[in-house]
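For reference, the structures are reproduced in the following blocks.
Note that subunit A is present in both complexes that follow, paired respectively with subunit B and with subunit C.
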Partner chain A sequence: MEQNYKIAQHCVIENNKVFLNGVEEFSSADEQFPDFIKAAYKIFKSNYPKFFKMDNLSKLSFLAVDLILKELDLNEEDNDIAVVFANKSASLDTDVKYQSSIANKGEYFPSPAVFVYTLPNICVGEISIKHHLKSENAFFVFDAFNAEFMYNYAVNLLESKKTDKVLCGWVEFFEENYKAVVYLVQNNGTLEHNIKTINTIYNK
Partner chain B sequence: MEALKAELKGKIVEVLNLEDISVDEINDNDPLFGDGLGLDSIDALELIVLLDKDYGIKLTDPKEGKTIFESIETMAAYITANRTK
Partner chain C sequence: MQKEVYITQTNCITPLGLDSFSNYNAVLEGQSGIQLHKSNLMQEPFYASIISNEVIDVAFSKISESKEFTKLEKMFILALEPMVSKEDITSKTAFILSTTKGNIEALANTDNTIEDAQLGTLAKKVSAFFGFKTQPIIVSNACVSGVLAIAIAKRMIQTGLYDDAYVVAGDAISEFVLSGFNSFQAMSSEPCKPYDKERTGVTLGEATAAVYITSNQNKVNKESFKVIGDGAVNDANHISGPSRTGEGLFRSINSALKEANLEANKIDYISAHGTATMYNDEMEAIAFNRHGLQNVPVNSLKGYYGHTLGASGLLETVLSIESANNNKLIVSKGYTNCGVTQPINIISETKQHEIKYFLKTASGFGGCNTAVLFEKMN
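Moving on to the complex of A and B:
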């Protein structure tokens, strides 16, 4: 029989606001995303200098996860956490930037630091390095957020004992339009892990 | 040479997004990799691009980078001797 799992923490970042478990923790109006996310990073004291080298999608994903895992204060033994992310635009925001850097044959200086972010799952790599995660991970590209898919994938990972916890997320970024909805599924927590709850968190 | 070293420090902070490090904190002989500025392999590739783009120096053997990018001092000396622009 399928076990009932819970959502222990959830974080939403959109419209220059950061919500943790439904509570607005930070907002910064009238700022472009780079300034907003930098201000949020400093406020939440994420303390990871490599943050500044990341592309926008990685910064967005990294901060949302960092806030969730910081709350839990996990040690190495508790870090059996799978990561299942999805979005619509993959790494297109960075792909476009990279393409523009190589468009002019007379000024052909492709940037290795930009190129490394031309895959969407690099953000999962950044998160895994920071939090020493070595478990399953996947990044899917959908036209729209798919709560049913995320629910089934997380339950399957947990039921098959591949992991103790699953970080699920929709992390979308393209040309200043962005939204991160990340939540942690595990055995205990305050919210029921079901499709309705997931959609409620996403649509809040 | 002093002007070039100052220029290099500024470019490294900007190009490598060293947000938490100011130009004044970088000493001429500080190691750029490892315990010094803590640069990584992608940063090394960016420095190779910087040499090409700003000073017209194409490194044909990336292994040369190990000695060239030891510090600001070694970078400035190499650029002075080999720059084409």
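Moving on to the complex of A and C:
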């Protein structure tokens, strides 16, 4: 018997604005993404020096998740919260940067610190390390946000007792275009976990 | 009670052959796709398992005259083509494509647009070739992608959203990936030697593999395998190295055993990841020992195919199915002396061995791990 799950928290970051549970918490109109996300990181006191070595996709995902998980009383060593993320451009934003480091034989400087971010699931790894999420994870690529898939995959993880909370997210970053929509699915919360609610949060 | 899900067909495209059976025979004979290459992909000569363009072009020309496909796309299509029957594609048939880098070499040519490098573009082209009716599901989760795709197919069929799934996994050799692994100093200067004392790192390879997964019991045949449990748990430890304690892999195996309601001592064979890096192989040995699996015959197939990234987990599952159907263990090529601190039972000679249950595992960058358990149906 399928149980009804709830969306406990949600965070949206786009157009240089940060929304937590529908309320605008921060905005910074005229800045490029790197300055905007740094300002947001400072305002929300995320206090995690590794943030500064991350690529754009990881910074974006990290901050959205950090805001949600700050609201929870997390264990210091081990938390069972699954992470299921998706986007359109995978890691192409960093792929293009890495490609430029090998494009010219005269200036051939491939860097392992850049190469490691040429996988989209690295952002899930960063989040898992920060919050000690030794839990189910997967990264998908779709042409456009797919609420039906995310809904069903999250319900399957919960029904099969592989986890008892799921952080679902659309975390897209390519050049100047970005959007993060992350929400936490669990047993209790204010919003119903269904495809309509998920689309409403995404399209806000 | 969750729906039962089966793998009823397999295929693969590698330097050792263009179907599962010829690949299985080639590895039994000890053949390897790994060769020394001198090309403009790297400044120095390098070992890799690469399929010749001519072989792919000749095979592809037998099924299509189209010139619009990249080598990798042709390899995806060739892997799927013998399995896909048009009448089986319904509005509830999933198409799942696993890859880490897709057509990444498109970035090297300034005539291309960014669309040419998008994974979605690649998936759409392959999907359109066969006429799949559902939106492609792309799994891009580093080196576990290929085996994770099996777990995802099973899970999504169990939700009721799909009845069946065509799963295909692949990656190609590119300057992008070669230079990246080289920058990590993770590349072996000789063909890779998983679990061996003298191992010095990864050899890269390219391949595609495909399986058909269904909940329809009428399609189950004597060579089918049931997917009985899976887990994909993160280490939460490091983005470019595995956990020293094998925590994520240990938990992934645990999750798969729990779901399958199977005792670890029932496992007859393990198809491990075995990349031949110092840390990966050591981590796997620790995780297997923590489950008491140190006496179960285990191999890595990287000595035959190199590390085929997003293809590897699915390719190795396809070969393991052949191995299990023949009750014959495949030698872990490249292994001579034990180079891990915890004992494991590396397969060093081809021999008959009854295989009812087998475990496939993989681990990758980002701290990801996956374990899937299979049960033979005959």
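Assume the second predicted complex is superposed on the first by the 201 of 204 C-alpha atoms of A that agree within 3 Å, B and C clash if a C-alpha of one lies under 4 Å from a C-alpha of the other, contacts with A are read in each partner's own complex, and residues count from 1 in each chain.
Following the convention adopted for this analysis, a contact is a pair of C-beta atoms (placed from the backbone, for glycine too) under 8 Å apart; a residue touches a chain by one contact, two chains touch by 3 or more.
Remember, predicted model here, so these are calculated numbers, not experimental data.
A.B. asks: Output check: A:204 vs subunit B and subunit C. Expected answer is one of first, second, both, neither. What do you get?
C.D. replies: It touches nothing on subunit B or subunit C.
A.B. asks: Thinking of the overlay built on chain A, is A:111 touched by subunit B (first), by subunit C (second), by both, or by neither?
C.D. replies: Both subunit B and subunit C are touched by A:111.
A.B. asks: Contact-wise, after the overlay, does A:160 reach subunit B, subunit C, both or neither (first, second, both, neither)?
C.D. replies: second
A.B. asks: Which chain, subunit B or subunit C, ends up touching more residues of subunit A in the combined arrangement?
C.D. replies: C
A.B. asks: In the overlay, answer first, second, both or neither for which of subunit B and subunit C A:53 touches.
C.D. replies: A:53: touches subunit B, not subunit C.
A.B. asks: Let me test your reading of the model: by the given contact rule, A:148 touches which partner, first (subunit B), second (subunit C), both or neither?
C.D. replies: second
A.B. asks: Which partner does A:90 reach: the first (subunit B), the second (subunit C), both, or neither?
C.D. replies: Once the two structures are laid over each other on A, A:90 reaches subunit C alone.
A.B. asks: So subunit A touches subunit B in one structure and subunit C in the other; where do those two contact lists coincide?
C.D. replies: In subunit A, residues 110-112, 116 are touched by subunit B and also by subunit C.
A.B. asks: Which stretch or stretches of subunit C touch subunit A in the complex?
C.D. replies: 2, 43, 100-102, 104, 107-108, 114, 117-120, 123-124, 135-142, 148, 152, 155-156, 158-159, 161, 175-176, 179-180, 182-184, 231-240, 247-248, 251, 255, 259, 365-368
A.B. asks: Going by the contact rule at the top, pick out the subunit B residues touching subunit A in the complex.
C.D. replies: Subunit B residues touching subunit A: 16-20, 38, 42-43, 45-46, 49, 52-53.
A.B. asks: Inside the complex, what are the residues of subunit A that reach subunit B?
C.D. replies: 38, 49, 52-53, 109-113, 116
A.B. asks: State the interface residues of subunit A toward subunit C in the complex, per the touch definition above.
C.D. replies: Subunit A reaches subunit C through residues 83, 88-90, 92, 95-96, 98-99, 102-103, 108, 110-112, 115-116, 118-122, 124-126, 128-129, 131-143, 146, 148-149, 152-153, 155-157, 160, 162, 174.
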